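Two complexes are shown next, each including chain A; its partner changes from chain B in the first to chain C in the second.
After this line comes the complex of A and B, so read on.
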């Protein structure tokens, strides 16, 4: 159960005009502008739900994920996930979540994948039997049999992403954050990842929060969508509703529909 | 501790993936500090003493500082390279793992190639032991060990301080190198040759004299107060503000996300 109530977060961004003189001037006079990354955000997500979190770049998706995963402390608001405040009881809390940052690797570059997994076992203090079951399951479902013996640097992006996802699930988290998990993947890998995410959601009742720019991910996986822009939650509805809403504007591909929606909300 | 050894093994495995590169780095690290040694050597070829200090005296100081610095670098390198971890989001990942963040940063890098410098420092020690006029007893040996412990701790504290500053600037601060790499270079002579002001700064601001100059005076019999040999432990106290500042930095990071 995720409860987010009136969460706000502002960043200070230093700005100056281009040029050497302005750079010098900025040394004395720093013009600081406040950016409202999250502006009074509220939502509730029940256990076992799979939610898509969409919005253009810079809308506040990553900031929300960071607050929910305990990396960032918001300025105001309340956030309780499974009875814990993420940023207050960080160590105890993160034991129960898994995070995949699609753009960055959490695996060791030069050693076989299985060594990275063994290290995670130690970090999360996973009991031997749980680890073995979990590993067997992930290796079968994600087809990692040969891959786990290869160093990460020699894997293709698709193979590596499958390993990243496995790494985030070894400790059987109740909650999984996927930050752009299909970015840069080919069609086959994308389908494999989607299929897998759907399965763990059904079989383990894992709550999944997914941010992506790939609308096919959203269409294939999630029933519920949160649309965020300029730090505000603009819509909280099903994919069909969102589609219907934009139908009048254009009848084209999913990407066109979403572009039309962004235009409609001026984001 | 178990986790630390797991990480240790991982770093060793990673390093061994590229054996040729590893050994070249090892030799490279040796050569870098060997050139400093040559500097001292040629200096004393021209001048038999510098402000009353002999060749052996300088080598002893340099060996202590170099060994301390290398040990700190091998184990605390994660803090030295911390600006990069902040920039590439590595630190975010550390925060989503259920372990203490200091331990994780410590574990993130173990610089085995620095063993090249350790080898050189030990070689210089052996030379000093063989040729200097110090009569080596238990007290002298303990003093040297204390100096290295204090020195490693002090350099470690500097690295941590340096990392903590990155939370506020997000970029690495090159001026801090005066106190780390700089101290390593200048530490090859007893600190008082640089004059009263430097001696004062290196005692009360950053306590390098506590691990080098004062115990060194005791070691070479220039002063006889017994407590001088324990001064390096006082320098270890420098770790306290360093860690406190780091903790403060983490809180700042979590509230700004810079």
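After this line comes the complex of A and C, so read on.
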């Protein structure tokens, strides 16, 4: 159960105009602007749900995921996940969640994947039998048999992403946050990842929150959608409702529908 | 925990065999040059020499053998990168205190490198003719305290480097601090020349710094240059600096994390 109430987060961004003179001037006068990354966000997600979180770049998707995973401390608001406040009881809390940041790597670069997994086993203190079971399951479902003995640096993006997802699930978390898990993947890898996420959600009742720019991910996976823009939650509804709202858009491909929606909400 | 990280670092080390071999060769050469240089000084004026020559030779060989344990400029690039590129989000999603995790990782990193490299150097130094090779510890007593201060020195070094890692949360660009730390620390910790060689006035001050609690203590205990009450005082000082620097490091980390901005996306 995820409860988020009135969460806000502001970043300070140093800005200056281009050029050498302005760079020198900025040494003395730093113009700092505040950006509201999250502006009074509220939502509730129940156990076992799979929720898509969409919005244009810079809308606050990743910030929300970071708040939910205990990395960022918001300026204001309340957030309770399975009875815990993520950023306050971070160490105890993260034991129960798995996170994949599609644009970063949580694997050790130089050594074979399996060594990374073994280290995670120690870090999460996963019992031997649980570890073996979930490793077997993940290796089969994600087809990692051959890959696990290769160093992370020598894997293709698609192979590595499957390993990242496996790494996030070794300790059998109740919650899974996926921040752009299909970014840059080819069609085959995308389908494999989607298929796997669906199975995990159905078989282990894992709650999944997924951010993506790939609307086919959303269509294939989630019933419920949160639309965020300029740090505010704009819509909380099903994908069909969202589609209906943008009815009559010329062409009608999913991306065009979403673009029309973004235009409608001025984001 | 230490063990898991140790294993990981050791495996990484094995993955890059050429680097280990090259490092070892460098240490042989440095050791030999060091000894020859001091021999020239010693022959010119033995009475102006502040250390027993055998103690000095042991000092130099220990220094070369355990280079990776005590040289401050052996930073873990990963940690700097993690902070400046925002990869720290993953570290924060692990059920461990960040300071403890990085501390144990640094210790593991240094120990695993030393294990790979120390034996050939020590072996080579022990077959060299006296007083140019490494001697045995002067007594069992000295051996015991060498062992204690050996680990305290390692923790002092790591606690110190932790402060530099953490500074990356505040400055992003750490080259300045690292260059400064590299040169100054090396000199003030007794890595360039053993601290007894410094002029007396400077030495009194330098010996109180945390930097003097690094290799300076165990290597001099080993050769018998440091013993009795002076030795106990130095070891107590090591403990003192470890506690102070760890507490400072933990405080700075938790402060940094409260206002952490994860860079990029």
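Just so it is clear, the second predicted complex is superposed on the first by the 264 of 267 C-alpha atoms of A that agree within 3 Å, B and C clash if a C-alpha of one lies under 4 Å from a C-alpha of the other, contacts with A are read in each partner's own complex, and residues count from 1 in each chain.
Basically, contacts are C-beta pairs under 8 Å (C-beta built on N, C-alpha and C of every residue); 3 or more make two chains touch, one makes a residue touch a chain.
Note that this is a predicted model, so its numbers are computed, not measured.
Applying the stated clash criterion after superposition on chain A shows that chain B and chain C collide. Of the two partner chains placed by superposition, chain B and chain C are both touched by A:73.
In the superposed model, A:97 lies in contact with both chain B and chain C. Of the two partner chains, both chain B and chain C are touched by A:111.
In the superposed model, A:119 lies in contact with both chain B and chain C. In the superposition on chain A, contact is made by A:11 with both chain B and chain C. Common to the chain B and chain C interfaces on chain A are residues 11, 66, 69-73, 90-92, 94-95, 97, 99, 101, 104, 106, 108, 110-111, 115, 118-119, 122-124, 151. Within the complex, the chain A residues that touch chain B are 9, 11-12, 63, 66, 69-73, 75, 87, 90-92, 94-95, 97, 99, 101, 104, 106, 108-111, 115, 118-119, 122-124, 151. By the touch rule above, chain B contacts chain A in their complex via residues 2-3, 6-7, 10, 13-14, 17-18, 88-90, 92-93, 95-100, 254-257.
Looking at the complex, you find that chain A touches chain C at residues 11, 62, 66, 69-73, 90-92, 94-95, 97, 99, 101, 103-106, 108, 110-111, 115, 118-119, 122-124, 151.
Of all residues in chain C, only 1, 3-5, 7-8, 11-12, 15-16, 85-87, 89-90, 92-97, 257-262, 264-265 touch chain A in the complex they form.
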